[in-house]
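First chain written, first letter: the chains are A, B and C, and each begins at residue 1.
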Amino acid sequence: MGVYLLRRVLVAIPTLWLISVLVFAVIQLQPGGFLENLLEDPRVSRETIENIRRQYLLDQPVWVQYLHWLGGIVRGDFGYSFLNSRPVSELIWERMGWTVFLAFLTILVTWVIAIPLGIYTALNRYGPSSTALNFVGYFGLATPDFLVALLLIYWVLSTGGTNVGGLFSPQYIDAPWSWAKFQDMLAHLWIPLIVIGLDGTATIMRQMRANLLDVLSQDYIRTARAKGLAERVVLWKHAVRNAINPLISLAGLQLPTLISSTIIASIVLSLPTIGPFLYDSLLNKDQYVVMALLMLSALLLMVGNLLADVLLAWVDPRIRYE
Amino acid sequence: MKRRVWLIAMVLLALGLGYAQPKVLPAYTSLGVTTGKAGGSLTLSLASAPQTFFYYGAIDSAIQNLTNQMFDGLIEYNLANYQIEPALATRWSITDSRVYTFDLRRDVRWHDGRPFTADDVVFTYTQIVANPEARGGDAANFEGVKIEKLGDFRVRFTLPKPAPAFIHYMRLPIMPKHKLLPFSQEGGKPRAEINNAWPTNVNPEEVVGTGPFRLRSYTPGQQVTLVKNPNYWKRDTAGNPLPYLEQLQYLIITDSQARVAQFLAGNIGQINITGAEFPDLKRRETQGAPFRVVQFRALFGSPPHIGFNYNAKNAELANLFKNSDFRRALQFAVNRERIIEDVYNGLAERASYGVAPLSEWYYPEVARLQGRFDLNAANAALDRLGLRRGPDGIRRLPSGRPLEFTLTYGSNSAVFTAIATILQSDFQRVGVKVNLQGILAANLLSTGRGQDWEAILLALGDQPDPELRTPIWKPGGALYYWHQATQPTTPTGQPQFNNFLPWEREIYDLWERAASTTNFTQRKALYDRWQSIVAREAQVIMIAKEYAVGAVSNRYGNYIYSLGVIPGFNPVPLMFQR
Amino acid sequence: MDKRNNPLYLAWRRFLRSKPGVISGIVLLVLYLVAFLAGFLAPNNLTVQHPDAVYQPPQRVYFFRDGRPVRPYVYQLKRERDPVTFISTYREDRTRPTPIRFLIAQGEPYRFLGFKTNWHLFGVAESEGYFFPLGTDQFGRCLFSRILVGSQVSLTVGVIGVLISFAIGILLGGISGYFGGWVDTLIQRITEVLLSIPRLPILMALSTVIPASWPSTYVYLGIIAVLSFIGWAGLARVVRGQVLALREVDYVTAAMAQGASNLRIILRHIVPNLSSYLIVTATLALPGYIIGESALSFLGLGIKEPMASWGLLLKDAQNFQSLSLYPWLLTPGILIFISVLAYNFFGDALRDAADVRSRD
C-alpha cells in the first residue's frame, strides 16, 4: 500500500502540471475580459487600457504569462488578482472559512440523510413513505437550483418571514458570536442546505437503494442468512458494506465541489463563498485567480480520488492494488 | 459677561460667514424634500463586492457607490435640475475658457480631523487623476493641464486649449494627501504604486474622506458599514446638520431577484428596479405593502441601441450596413412603442444619441427624424434597394444569397433578450432574417470592439454633457465601434480620415468645433446639428431610454432616485428614518 | 424452449407486476408520441408573436351553453392595463364565443416525416380569434404550442446524452478497473484532467466558435455532444471501482481460468452486475441534461430563440414577477417533473425486472 501511495503522489505532479497548462490555455481561448469594459467609464482612455495591460504583463505572449505564473507557484506565490489589486491567496483565504463550513455541512447532511433513507426505501420498497420520499427527491432533481431557491424564498416571504438570503440578518453580520447570532444563522442556513443538498441527497438515496437491493439478492447474503446470522448482522455487516462501494468513488469526486458546486446557490442566496468569486473571475478573465482556484480544485479532486481508492480497498477486501 | 459671550459669538459668526460656512442645500420642495430627523440607519445593496477602497485604483461600481458617500468633489450636481453647484469649492472663475480658479471651502476636515486644503486638491489631480498608470484615473483629459496651488484655499487649473466639459471633471472625489502620499510618485514610489492604496483588507481608519459617511468595517463578500461623519459640511434648508442618518449599511447581493427578496423582507431600505419588476412591486404597494415604488425620468443610465458593423467581414453585408438607406429602412421595422409597452411596461421613452430627453442638450426633432414603426415603409425602402424577396420570403442580396445577419445581444439580461426577440420577429416580417447570438452581457462591449459581429444590441451611458461621451460619438473615438475603419491605428494616433463617410466627416467637424468653445448657445447649436445628422442617417438605431424606477420603504423619508455611481449626484444625506 | 423459462419473458412478467413501472411506461410512451406529433397537436405556430395577447392567462374551454352541451368553445380575452400598476389583466368577452374546430388546415406549414403540411388537430379559425390553452409568454406566443415543440428537444437531449456519456464511461471505466496497472493509471489521470478543466470557459470559448447562422438542430446536436463529452468522467470512476471489486469474484476468476476472452468477461460477467447501478444512475442523470441544456442557452450555446425547449421555457418563470403574476409559465417545470418521475419509476421497474435473482 505504501508503494502504491507513493506512486500515486508522484504521478499527481505531472498530472497537475498538465492540468495547469490546459486550464491556462482554456482561459486564454475565452473571449472578452475585464479591460475592454473599462472604456465605458468616461474616465478611461485607450492609453489607460494599454498601461493596465502592461502593468499586468498582458501585453506579453501567453507562454511568458504562463511561465511567470509557474515561477510564482514555485516560489509559493499564487499571483495577483487584476480586479482586486491584491494577492490571490489572501482573497481565497478570506472566503475559505464559510466555503469549507457550508460544503462540509452540506456533504455531511446529505450523506447522513441519504444513506439511511436509501436503506429504508430499499427495505420498504412499496410503502407509502418510500414513495413520498422518492417524490421529494425527484422534485429536487427535476427543478433547477435557482428555481428551488426562488420558490423557497417566495414561500418564506409569503409567510411573512424575513430570512431570505445570506447567512445572517444584517445586524448580526459584523456582530461578535453570541447565542442570538448562532440562532440567526440556523434560521438562515436551512435554505442553502436544501438548495445545495437536495440533488445530492436524492441521487445518493436512489443509488443506495438500488445497490442494496442488488446486494441483498446475492448468493453470499443468502449463505449468511442460511448460516443463521442475525438479520441485523447480515444487513449491516455484509449488505450495506458492499452496497456502499460505488458511492465511495462518488464521494471522492465531491471534494472539489467545495469550490464549484455552490455557484448558483451562492449567487441567488448571497452566500459569502468561493463559488461566486470563481464565477466573477471567470467572466472577467481574472486569470491568476481562476488558475489558483482551479488548481486548488484539481488538487482536491486528486486527494479525494486517492482517499476514495484507499477507502475502497479498506471497505471491500476484494479490491487490491498491486 | 453675558454680553461679551454674545459679542464673541457674533464675531465668530461674521468670520464664519466671511470665509468658512457650511453649504446649505436648496429646499428641493419640487422633489418632496422635508426637514428630516437625525438618527437611524439605512441598509442598501451593492451588486458586487468592492474590489478596493481606493476610487482611482479600479473601475468598479461598488467603490463608486461607496466613494459617493465617503468623499466629495469640488463641484456637484443640483439634485433637481442637474445644474453644477459648489461642493468642496465654494466658487470659481473661468477666464479665456482655459483658466479655472477655484476657491475652496475652509471649514472642511477629513474624517480623521486633519484640515482639508489646496494641497489635497493639487495632490489628487497631479498625482492620481493625471497619473497615466492609475487604473481609475483620467489622464487623457488632464494632458497638458497645469495645476497650481495659489494659497491654502485656492487652486488654479490652466488648460492647453478650451475644453467645455472640463468643469464636469471637477466632480471627481478629492483624496487625502496625508494618507496617500506614501503611494504616490511625489512620495518616492513608482507611478503604478498608487493602485495599491487602500486594498479591501485596509484598516478602515486609513480610509478618510470629507464625505457624509466614513468607513467603519467591511466583512468580505457580505457587507460594508459606514457611519455618519458628525462634522460634515452640508446643512439642510433649516440649518440642521447633514446627514440625518447615523449609519449606512451595504449588503452585497449579486442577484437582482435576491435583492428584490431582501427588499420585500424589509432587510433593505431601498432598491433600484427595472420596468419589468415594476408591476409586481407596485401591486404589492397598492395592496398595502409598507413601501413606495416611484418612477422618474432619467438623465443618467444607458439606453440600448442596434449597432451595425460598417466593417463587417461579409463585404456584401458591410456595404448594406454602411448604407444609410438600409439602416433607415430597418429602423421603420423597429417597433419602439411595443418595446416600451411590453419590455419596459411603459416605463421608458424614446431615446436620442448620448443625451437623455430630459437633458438641456436634447434635440426634440430627433423623435420625428427617427420615424414611426411602419412595415410598409420598411418593405418599400428595402424594395428600392433592390433587395427582392426569394420564394421563402427572405430577401436576396445582389449575390443571390439570402439577406440574413447575426444580432449579438446580452443573454443574461431579460431586457436585451426580449428586445432581440421582438426585433427578430419584426425584421422577419420585412424579409430580413436575423440569427440571434446570445453572449454574456459582460462581454458585449469587448465583442463590439472586436471584428466578429454583424449587428449588436448594446447600451452605452448618457452623461449630463455630450462632450463627456466624445469617445463614443465622435468618429474615430475609442468607442465608435460600429465603424472601426475610422479609428486610429495606434492608441494616440489620428483617426483614419480617408475611411470617413461624408456625413461622418461633417459630424467630426461639429465635434471639433463644439470642443473648442465654452459658449453654451454655440455648443447647443452644434450638438443639435449633430443629433439631427445622426438621427437622419440612422447612424445606430436608438431604441428607448428607461425611466429610473426605485422602491423605498415607508420607514424612510426624502427619497430621491439615484444610480449611486454618478460622482457628484448624491441624495442620500437628505434621507432620514421616520 | 418453454416460454416460462425464457428469461426475457420472465423479466417482462416481473416488469408488469410493478404498477408504477407500467404507468410510467405508458406516460413516457404518450410523451414521446406527443413530441413526435407536436406540429400536428399544437394549435398555433410557436414563433408567431401576438402583441395584443401578451402574458395572456390560459383560456377556459366551455362545453355547455345555456345548460345544453354544445361543440366546445372559448371566449376571446380582452386586454386591459391597470393605470397604476401597469399589470395587464384579461377579461372574457362574453359577446364573442369562438368555437374550437377540429382538424383544421391553417397557419405556417410545418414538416412532418418530410412532408410539409399545415393540418392541426384543433384550434380556432385565425379569422375568429385566438386559442391559447396554456396562456402566452411575454411576446404573446402560445405556451402550449411551445411546450409541445419544445418536448422534441427536451425528451431526446437527455436520452442521447446519457447514451453517449454512458458508452464512454462504461467502456473506459471498465477497462480501467479490469486491467489495472498502467492502463488504470492512465485512464484515471485522464478523468482527473477532464474533471479539472473548467466548464464555463470551455463553453464560452465554444459559443464564439459555433456560428449563429447554424440551424438550431445542428446546435442542438452540438450541445448533446458537449454535454456528454463532459459527463462521462464521473461515471468512469464509479464503474472502475465496481469492476475492481468484481474482477476478484469467483465466477469471474473462474471464467478467466477457463480462458474466456477479456471482452466476453467484461460484457457477460461484469456489466450485468453493474446494470442495476447503471440504470439508476442513468435515470438520475436525465434531469440534469434536460435542465442543463437551458444553462447552455444562457451562454448562447443552447436552443436559441425563437425555438423552444422545456428548460428554456422554464427560465421565463424564474423571477418573482412571473411567480406572482404569471404562474402558468411554470407549466414546463411540471412537465419536466412528470417526465423525470416517469423515467425514474420506469428505471426502477426495469431494474427489478432485470434482477434475475430477486425472488419477491
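Simple rule for what comes next: a contact is a pair of C-beta atoms (placed from the backbone, for glycine too) under 8 Å apart; a residue touches a chain by one contact, two chains touch by 3 or more.
Remember, it's a predicted structure, so these values are computed and weren't measured experimentally.
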Is the C-beta contact count larger for A-C or for B-C? A-C
Farthest from chain B in C-alpha centre terms, which chain would that be? C
Find the geometric centre of each of chain A and chain B from their Cα atoms only, then give the gap between the two centres in Å, rounded to an integer. 39
Inter-chain centre distance, chain A versus chain C - centres from mean C-alpha coordinates, in Å: 26
Which integer distance in Å separates the CA centroid of chain B from that of chain C? 45
In chain C, residues with contacts to at least two other chains: 204, 208, 318-320, 324
Among the residues of chain A, which are close enough to touch at least two other chains? 31-32, 150, 154
So chain B residues touching two or more other chains come to 257, 261, 264, 439-440, 443
Can you list the residues on chain B that touch chain C in the complex? 257, 260-261, 264, 276-280, 282-283, 286, 335, 338, 342-343, 345-347, 404, 406, 408, 411-412, 414, 417-418, 420-422, 424-425, 435-440, 443, 452
Within the complex, chain A is touched by chain B residues 43, 48, 51-52, 57-60, 132-141, 172, 192, 195-196, 199-201, 217, 219-223, 225, 249, 251-255, 257-258, 261-262, 264-267, 439-440, 442-443, 445-447, 449-450, 460-461, 463, 468-469, 471, 478-479, 491-492
Over in the complex, which chain A residues touch chain C? Could you list them? 11, 15, 18-19, 22-23, 26-27, 29-32, 134-135, 138-139, 141-144, 146-147, 150-151, 154, 202-203, 206-207, 209-211, 213-214, 217-219, 245-246, 248-250, 252-253, 256, 279, 282, 290, 294, 297-298, 301-302, 305, 308, 312, 316, 318-322
Contact residues on chain C for chain B in the complex? 47-49, 51, 54, 81-82, 84-87, 138-139, 204, 207-208, 211-213, 297-300, 304-306, 318-321, 324-325
Tell me, which parts of chain A touch chain B in their complex? 31-33, 35-52, 55, 83-86, 90, 94-95, 98, 150, 153-154, 156-157, 161-170, 173-174, 267-270, 272-273, 276-277, 280, 283-284
